[in-house]
Amino acid sequence: MSSCAAMPPAHPFDDDKLREECGVYGVTGLPEAANFVALGLHALQHRGQEAGGIVSYDPDTGFNSARRFGYVRDNFTKASLMETLPGTVAIGHVRYSTAGKKGAAIRDVQPFFGEFSMGGAAIAHNGNITNAEELRHDLIERGSIFQSSSDTECIIHLMARSMAKSIPDRMEDALRRVEGAFSIVAMTRTKLMGVRDALGVRPLVLGQFGDGWVLSSETCALDIIGARFVREIEPGEMVVISADGSLESRRPFRPKASRSCIFEHVYFSRPDSILGGRSVYETRRQIGVELAREAPVEADLVCPVPDSGTPAAIGYAAESGIPFGLGITRNQYMGRTFIEPTEQIRNMGVRLKLNVNRALIAGKRVILVDDSVVRGTTSQKIREMILDAGAKEVHFRIASPPTAWPCFYGVDTPERSKLLAANMTEDEMCAHLNVDSLKFISLDGLYRAVGEANGRDPKAPQYCDACFSGEYPVAPSDMIAKGFTVKAAE
Amino acid sequence: MSSCAAMPPAHPFDDDKLREECGVYGVTGLPEAANFVALGLHALQHRGQEAGGIVSYDPDTGFNSARRFGYVRDNFTKASLMETLPGTVAIGHVRYSTAGKKGAAIRDVQPFFGEFSMGGAAIAHNGNITNAEELRHDLIERGSIFQSSSDTECIIHLMARSMAKSIPDRMEDALRRVEGAFSIVAMTRTKLMGVRDALGVRPLVLGQFGDGWVLSSETCALDIIGARFVREIEPGEMVVISADGSLESRRPFRPKASRSCIFEHVYFSRPDSILGGRSVYETRRQIGVELAREAPVEADLVCPVPDSGTPAAIGYAAESGIPFGLGITRNQYMGRTFIEPTEQIRNMGVRLKLNVNRALIAGKRVILVDDSVVRGTTSQKIREMILDAGAKEVHFRIASPPTAWPCFYGVDTPERSKLLAANMTEDEMCAHLNVDSLKFISLDGLYRAVGEANGRDPKAPQYCDACFSGEYPVAPSDMIAKGFTVKAAE
Amino acid sequence: MSSCAAMPPAHPFDDDKLREECGVYGVTGLPEAANFVALGLHALQHRGQEAGGIVSYDPDTGFNSARRFGYVRDNFTKASLMETLPGTVAIGHVRYSTAGKKGAAIRDVQPFFGEFSMGGAAIAHNGNITNAEELRHDLIERGSIFQSSSDTECIIHLMARSMAKSIPDRMEDALRRVEGAFSIVAMTRTKLMGVRDALGVRPLVLGQFGDGWVLSSETCALDIIGARFVREIEPGEMVVISADGSLESRRPFRPKASRSCIFEHVYFSRPDSILGGRSVYETRRQIGVELAREAPVEADLVCPVPDSGTPAAIGYAAESGIPFGLGITRNQYMGRTFIEPTEQIRNMGVRLKLNVNRALIAGKRVILVDDSVVRGTTSQKIREMILDAGAKEVHFRIASPPTAWPCFYGVDTPERSKLLAANMTEDEMCAHLNVDSLKFISLDGLYRAVGEANGRDPKAPQYCDACFSGEYPVAPSDMIAKGFTVKAAE
Amino acid sequence: MSSCAAMPPAHPFDDDKLREECGVYGVTGLPEAANFVALGLHALQHRGQEAGGIVSYDPDTGFNSARRFGYVRDNFTKASLMETLPGTVAIGHVRYSTAGKKGAAIRDVQPFFGEFSMGGAAIAHNGNITNAEELRHDLIERGSIFQSSSDTECIIHLMARSMAKSIPDRMEDALRRVEGAFSIVAMTRTKLMGVRDALGVRPLVLGQFGDGWVLSSETCALDIIGARFVREIEPGEMVVISADGSLESRRPFRPKASRSCIFEHVYFSRPDSILGGRSVYETRRQIGVELAREAPVEADLVCPVPDSGTPAAIGYAAESGIPFGLGITRNQYMGRTFIEPTEQIRNMGVRLKLNVNRALIAGKRVILVDDSVVRGTTSQKIREMILDAGAKEVHFRIASPPTAWPCFYGVDTPERSKLLAANMTEDEMCAHLNVDSLKFISLDGLYRAVGEANGRDPKAPQYCDACFSGEYPVAPSDMIAKGFTVKAAE
């Protein structure tokens, strides 16, 4: 059942990147809390560009909500809208639509809200509940009416059916039924809550601003409002912050070793965020350094594929001593793709987005540093542009290992058959892309760059790297029920 | 919790009328069923001008839905929208917002949809469930999550919790729990259903068009698509029409004597509809005739208050022999009020809507025929305009008895203290309005006009006339729980 | 050259009426003058529904302008827009687009503005300059740049090229060069001006409100703001009202006998306006009386074709003694047609707009009173509906003579070949429409109804009746240059 | 006179940059020419972000035009709009609004169009006509009506009044009357024309694509459609390209030595454009090299102020051997500012746009490389952010000489009193900004970077550098008439 209450969102220009599906943010103890949430979501926009939503609570007007397609800055900055979201506690969410879902509905935009007998609660999450389909089936059998196609809604229904007397207790009840990888922010009339799954796959950090508390997917969204970074929410931790500013830490899950997502370091998080105690920018620069050590090549120019390849390219250039230069210019007015384009415009393809700096490239042996290769379609187009501009040689250096497995933890990945690295060896990919050389950083090299001096511990990997290794730390139940075969642990 | 997915609807220029809150329509067995529903809703627009919704079902795309604020003709006539509503079965709804509800939400616009384990169902209704608050409280206690503030949603949740195996059976289960006055259209993937409450307070008619069936609040909406009027759904009847065109009649309620709403004849229904076997136009004209007999006065001109007073004025003129004339002109571009008006424009008040035909009125003794007096504010303004234009005398004749009691059956009435007739006698009202005379038709006169030659049967009134008599045929449980005192039966 | 700055306006549901193309309004000496102009234009909306514009002047911000497609009430009532139009002098305009012009442009929406060396002037007009194409050609030859396709713009360019020292003098200069039938309102920084062509074909009235003056196409637009009707601007008169409230009357044209448009009485003007000293409503009622005398027939019901036929039907019924009844109901939510309708909806045709009151019509001999027959397409559809509803006989009585000639004075008429009466006799039309009888009022009868006891003076007709008689009081030069043959004077 | 036909455009977040006011583009000899123009304008968007317009000519529909506020990609990529612009010849324009003009009007958006007796012409220009006010005054005196406040419209009126028989000849006539610095693209029904002023201040290049010709402000907009760069239009040259593909070169101006704008190299042009035979990126990188030589300093990090300072920072780092790093992250969703922001959001200031990469900056001596200092307000905010993040020292290095004079040649500069460098010495600015050091590149250093090995020739400067030197190669007549004092030539 599709509802057309808003314009269908634009789909990004190409689908040749993994995409984080969500960012979450919550604030309590600050006047006009929703304004701070709007700013936080603006800083988290890279985690979800299609839609956003904010819920706030105010004793006079109750729970208020606004959900919109489009950028945060185009919706949640207008005084006329923000005035409808009063109160000192608020949560918010930005999202991509789920892969394969045609016709996204505003109904699917978080936060979700439920009215219980002891009052209402709103909830937003980043990640994925891997047994959501099974839960949904069971809940419908018992008479629950679902309003969205989102997995998050299961949590609301589980809470509604809990016999516990307080909303935080009901959330604990609900969490014990869900499997998966997720970071949650939630709120009641008086409380702000944050949850990170048992393995801590998805990020969530805690900040303080004046008398108020902030929860955010990343630290860069603390910076934007001037909040102080306190600490990460720990894997398996649930924090409950009361109106008086007191913070209670609960542990709804059985303790496990942390397995946070390594791809956050490679691509998802903003370079100016601090993740796991490390600067994301520095990690990416270090990946470039490792890559230069693992896969050196003689060349005249190290050129990043804009914009995400830049820190690794800087590292590669510094380590190799080959000059760094911006050989590809990105059209900065190309944030989203064209809506309803003419045929001619569609055919222009990558040229609408990127232009080669011919004078810099012509006659040179060029090392192109990119963050990842997913389908390989963009890499091919860039190779063509570089050669058209007169490059003598083209060498690809990729700042992540081959992406060979889909993510089931809240990241939009193509199905396995579409992943270039699931179907080809590195050499085959090099031939397929028709470049002079192609090298990916090794999994161990990546682990070294994120600070594990001895690389990956194969018996107890320090991170979730399922997209590279195929080792899924949480069994993807719904997918397995549909026939997906998980690689046997080695 | 208010959602601002669409512009808040304009509120009509004055609130000095009772307002039907809804119109319903359903079609099965016709290609592009949603198009027919759109036409039907356009013809029922007078029953609800704020918002409308359509749900259709198509085997390829499943249930599809569109809900919009604004007129049917501005939304549900566009090919680009209607193409998203394919299939041979569809239902629709037009509505006013409920009185006192600030910030109407698109979530409250019907039809409502629920997914059950045996498939989905959509439902729309006209009327009011008088024990909705009690039902809602009980359902929330048991873990149901409500998405709207509408009483209709109770029915969906009751159906979700029913143990019955088919959706029509589940609806019967649900209906046995609800009290009130309502006409329902509902649909599943293969069935169109219609229900009228046990007393038949709210109208619902059945039509046939080619191989298809139509359910509609009024016959005028059969005419617009060229459908043949078959019969009224009987009080207490539930019809279930299958994809093969077969129609099953069920009786979910205990049999009672019919008490259809007499105000439908006075004001709500369109004059070109047939209601209870009678032409609404003829009934209204006959009210004018009765009124001329009951309350004659010497005068020069019978002038309707546009547009709803016209048929009664024609009858009054014909019976009295006093010339009929259009002394008040209505601005036809004034369907809704101004949005965000300047102070100056707001102050113009009734002049934006009506203008007196000075040349016709000056020096005359004028009988103004209006359909009803609710708060009396409009009557005062009209009296002023008529006297400003030089009328010698102003006599009000009202085509309904004094409206002294609120309706709890799906009609938007002010609270009792705001009803002029709840607080004053006819003579006091005449003095208050400062007119030369003021006469209402008697309750018996009204019953005669609708065809009861002997007038009202006080022991077993043939109609629901609670707004005039204070005798409520269905106990308004939620209101009583809040302290409303129902008049003891005489 | 078309500009698409706004949505193309909807075209009215059928084109089977003559259409006035414009209404004009001006105010001086009142604070927030533009607000009064907005109200006036709202009252004149029937004269032009596609677009409207207002220009005001304020010493601080200079000339300000807003032009919009759509209804006045949807645009010029919003505080946010009206605040951009400050000042004590303002003029405004509502318009239809010119026949045959596809893709109306906001550039063509009046008022027009020109900056001269002694300051700016804005101008709006109702009517048509019959030598506009010749003037335009000459002006372009001399280096004028036209920005619109409107004939009004010629006046601005003629004023720009005048050697006179004041703007009113320049306007006199310009007026001496133009031919045609027009009423003009214009303004400078300090003056409001009104002009009526030498024959006074198009209407223009003068009103007073407090210390301010008002110019308006019709008196109903004085009523809406509470202004007092002073007098009509005389044929050939130009009034210049200064900031101090003084009014100067000039005579730019050679004196001629008045020939005001008789169709204003029949259809264009609102029934509550006073035109030529007569109530338009009363004139229309009197046309019905004359028609009953000229063309009696035995029947059971006099039924107006809504809404414009109603006053004549009341007159016909009163004179004939046959009962008056509203046998056709107009859908009041059908002010404009559907935008981008589906095929199915388009096919519904007249049923979207009108419904027959079957119970009133069945078995009756019905007299249908309509204001005019242009192409005859609507008449045919109405006959069908009436017969489908079971009428025994259908008699058409038309409240105007046969419309056999196009108007070149600011009224949108089809070309002659499309006018039913240009190609058939009354009997042929009756056969063509397949009705039991069809009678038009005679030209003399119409003149009697407008107060000429002896009917039309064939030697010196008191009105412009070119659309009926083919006698054009102003030679349509541009049309003649294109080959249109004007009937030789008889 | 302001017209509000469209939303007022957002003003960019800060006004602390000089802004090119326009980009122009023209295409002939290609089917669907307007599509190519749209792509070209998209590539030139950095030259004007507020509005854009396209005019095309097609034998069937004549001249067609569309002008819109907002980005090219949001308007001129939709099939529904582009279909209204058919034909094989088209021109287009992107623009900023003129400084100080409140309430930009769509009327002021180019291209402008004029209908002459021998047919129409459309024209768009980049630059400024320095005697436009005088010309406008003279033209109005003679009866021309101006529709915009744009200087470009003068050219159209001069053409309209020319006695020459062809449009190109009329344009030559007009050009001989105008003073200033401008690049023009213009078109008739069959011809595409390009003009560069006598000194060639503003850029204009010629390209070829298949059988078609292209005119563009920059070469990057040839790349986007795959066109081949042929040559620059020469200073003082007018090219007239006919429908048969023949190109005629005319010389309407007296020959002068070229003085192209040096700021195009510093900031306006895109880094991937070729200007005066040199890569803009390489020039900027070379500026960094020169700057490192002229103004070395001991430090730990060379950090660009994003994004325009990046190439110079790369050059500075390479030359100095100090590591290059991205210490400041730009929010890529911040292309334009917030519309109607809440107070709280407004107060966030530069943090909405930039975030410091704390981990990279803390404890370091940082060299910040920026392209220019205009008012100095942004520099102050950036200094604060960098110090807040824990930098030990902050050294500003500016890739252009002090901007001390306003530009009158089509660049939006603040008035002199607002220019920091017009009021302070380098040392005073350093103290004012409170940084450890501040150095601008010298004018000679800049000339060396653009390829003049011997630096600037003070007797005959090779470029227009008025914004740095105060030496205006074209006397700004209108400004002088208003009292602006031009520096005496040294």
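The chains carry the letters A, B, C and D, assigned in the order they are written, with residues numbered from 1 in each.
The rule is simple: a residue touches a chain if its C-beta (ideal position, glycine included) is under 8 Å from a C-beta of that chain, and two chains touch if they have at least 3 such contacts.
Since the model is a prediction, treat every value here as computed from it, not as a measurement.
Visitor: The C-D interface: which of B-C, A-B or A-D repeats it, judged by over half of the contact pairs being the same residue numbers?
Guide: Selected from B-C, A-B or A-D as the counterpart of C-D: A-B.
Visitor: With centres defined as the mean C-alpha position, give me the chain B-chain C separation in Å.
Guide: Roughly 37 Å, centre to centre.
Visitor: Could you put a whole-Å number on the gap between the CA centroids of chain A and chain B?
Guide: Comparing mean C-alpha positions, chain B is 50 Å from chain A.
Visitor: Calculate how many whole Å lie between the centre of chain A and the centre of chain C, each centre taken as the average of the chain's C-alpha atoms.
Guide: Computed from C-alpha means, the inter-chain centre distance equals 62 Å.
Visitor: Please tell me the distance, in whole Å, between the geometric centres of chain B and chain D computed from their C-alpha atoms.
Guide: That gives a centre separation of 62 Å.
Visitor: What are the residues of chain A that contact at least two other chains?
Guide: none
Visitor: Among line, ring, star, complete and other, which best matches the way these chains touch?
Guide: ring
Visitor: Across the complex, what residues on chain D touch chain C?
Guide: 1-6, 55, 62-67, 81, 84, 106, 113-117, 120, 137, 140-147, 156-157, 160-161
Visitor: Contact residues on chain C for chain B in the complex?
Guide: Within the complex, chain C contacts chain B at residues 32, 35-36, 38-39, 42-43, 45-46, 49, 71-74, 77-80, 82, 220, 223-226, 270-272, 274, 278-279, 281-282, 285, 307, 310-311, 314, 318, 323-326, 329, 331-335, 338-345, 348, 351-352, 355-360.
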